[in-house]
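Chain nomenclature is as follows: A, B and C, assigned in order of appearance, with residue numbering initiated at 1 for each chain independently.
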């Protein structure tokens, strides 16, 4: 299901731009999350100080990651849980499957987990005879539609309610086929009923983890629906998957991150349910799983940790950068071709899949900087995108025409006399061609521009040429220079 | 997979600074667990009760205030009738809830133990209320099994007023006093309002998988 | 960034004209000179300037970017201020030149010296020279587009609006999306033209929704992008650089890309 289509970025973007249904949804996008975030922040004067604190906590945690991971593991084990270390996606898949097999699992309920999407756990479990059931409403809908998520917080945001209604009609077979499904309320109630039984019948509950707390060996689950608690509270076995950079040192550190997380994601001060899970049920508990497993993944994180791209590991998956990105707003999430869209996706995807596979991601950005303005963890996303571009340039991955054109431009820019000469000629030529209209409709080598835009014509002589004449006229015999 | 563990930790070590003071710094941070920035809204003081109510209601919580345990059955019964719900309430075995005179309300039938899927309502006792966000903190125990908070249609959190604190950090202090340093119950649940989702066309709907209704009864003891 | 509590007296200002202004719209450069001189500056245009190096820098070609930066730093050494009619070029020099020479202490010092004296035009005029236009008329309903680098790297927001507020006849209406990228992004607009066009269409729609028939901004890349698309679309929108408007030469120069009526 989560095939990698990153190389088709241009085609994906085109499909998105001509998709009227998608464009209608995206057209309302800036009225949603960005507005809510702004309202939440207006009520929290300390927000910027909290961002600084959150950034510092994460930097400290990453700088001391080994020690905190070992502490976390010790605490999980002390509370009766198990920690499984996995270097890559394959090891993670096998580990989860093995736990499911040991539990004789037929069905696995899931709460939202981006790391689960990353390793393709759903398809893998299905191929091996274990049925995974998404319980987050958005994830449930796209699971039925066999689509990847288009946003890391709101995975079904690209769909209209009509599309959701059609999906439910196609899949919820034990109901009257022409029942009314107009309102989201009715659809939610139907989904709740359908999934209730699945929650109760699951053998294993598979969650992600927003954070891992070293001090206590706890995982943090953040939802609004309550599906995470039902996922990990009802089955006999709870498996939590998390990548290693999710560590924070203490409960107090987690509290700081929580303050910026929900506000940045949905504009809530706190998500409805924030749960701290530590180990399996205790002997005196009346409910809860008998087994608790944490699957800890590297899957490219140590490589990022060692690189100049380390700062992306501060990402807490709030989606704020995505919500404020004008490129995302134009093309939506699927165009990015994998599971992480928008600015954080553009930085993370080349790190996880390789920059040849994700060669467009760092480049399909104007570096407008809005993402960095809103990131609660102060990740310098435009700088990181630029670092990927540097890597691509050095490795020769940048397309030939760009490199050649840039080389020519750079050579000119380094040589003012050639530059003056060539710009004088070009400027005069283009001005002549454009004539009285002041613009050109077609320009060789600039089809990317003139395909959809006129090119304003130069004003016939360059500034520097005119300035030279003007200053020579003012002071005959002297050359322009410092006064 | 001990090889994976070794490899990952080795890769992490290679990627991070070798600082001789690191171990001491880490141990210190873990044992001191200092608070970071606590916003004004999370400050302690007289205003915590009114702030708790304001924030909780903003999140869609139904707040009731009572001054005696004896008032509780009437409040719960009235609410169930208002919402057209059956009168079964599964209650926590916490001493506070056990002392509620449920028999005073004929329409309520109480039961104990772990929550069942068909329970209409539940009542569990909160460890703390956090004024900053209108949140109740529930901790799992023999008396307060976790699913009481999630399975039923209506969840009632009973919150003694003296347990309302300003910030989440104060709540952690309370938890550490109750459970011990570095020791956690299986679940600590922070609950802020009834369940909700906006996954269909960003339209906000209250009542998703968790309880459709969430009530907090603030008990003002004498 | 140095902030003077008193207005500098007849400072020596070097104009960084920028490659786009030099080749495509010299009138913006002359407007800048007019404004700087009216504000009391002595303006020099160093001959050895070409480009700030953004195209190479943003394309990941650090080597060429450094070479161009070196040239620029040498050319602009020794002035009180360096002023550019462009947020992205001023931002390049101010925010990026020093870190480009992180491994070359001597060059880094020179870069920092130049960076500390570099300003975008409108913020220099308003914040440093405390200058506002006098006796300038521009009878138009205007909306202002905030270029990304100027806004987010240099904090340019109020200053161009201050200039416009002091021009007679200007009616200013803010677009909801004034701060949203227009889709130029240097090479982005030709590498991803379809996405870029979608973005500039949104920008134009937002401006037209304000009722304005004129858009003004401080960066020529944005302005050419908006003007080019507006002309192709036949949108009733004329485009000028804020320097041209403030210097009172907008009408005589004509809008970027020609008139809407053509």
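FYI, a residue touches a chain if its C-beta (ideal position, glycine included) is under 8 Å from a C-beta of that chain, and two chains touch if they have at least 3 such contacts.
These figures come from a predicted structure and were not determined experimentally.
Averaging Cα coordinates per chain and for the whole protein, the chain whose average falls nearest the overall one is A. When chain centres are set by their Cα atoms, the one at the greatest distance from chain B is C. Between chain A and chain C, the centres computed from C-alpha atoms are 32 Å apart.
Between the CA-based centres of chain B and chain C the separation comes to 53 Å, rounded to the whole angstrom. Residue positions of chain A in touch with at least two other chains are not found. Annotation for chain B: no residues touch 2 or more other chains.
Counting partner chains per residue, chain C shows two or more touched chains at no residue at all.
In the complex of the two chains, the chain B residues touching chain A come out as 1, 4-5, 7-9, 11-17, 22-23, 25-26, 29-30, 33-37, 39-41, 55, 59, 113-115, 117, 132-135, 140-142, 145-147, 149-151, 167-169, 172, 182-203, 205, 207-211. The touching residues of chain A, counted against chain B in their complex, run 25, 28, 32-33, 44-46, 49-50, 53, 57, 60, 62-71, 75, 79, 84-87, 91, 95, 135-138, 141, 154-157, 159-161, 164, 184-185, 187-188, 192, 195-196, 199-200, 214-218, 224-227, 229-230, 233-234, 244, 249-253, 255-256, 258-259, 266, 268-282, 284-288, 296, 298, 302-303, 305-306, 310.
In the complex of the two chains, the chain A residues touching chain C come out as 10, 13-14, 17, 30, 326-327, 329-331, 363-370, 372-373, 386, 388-394, 398, 402, 406-407, 409-410, 412-416, 419, 423, 426-427, 437-439, 441, 446, 448-449, 451-459, 461-464, 466-468, 471, 479-483.
Considering their complex, residues 12, 14, 17, 19, 21-27, 29-30, 42, 44-51, 53, 55-62, 64-65, 67-68, 71, 78-79, 148-149, 152-153, 177, 179-181, 183-195, 197-200, 202, 224-225, 227-229, 231-232, 254, 256-258, 262 of chain C touch chain A.
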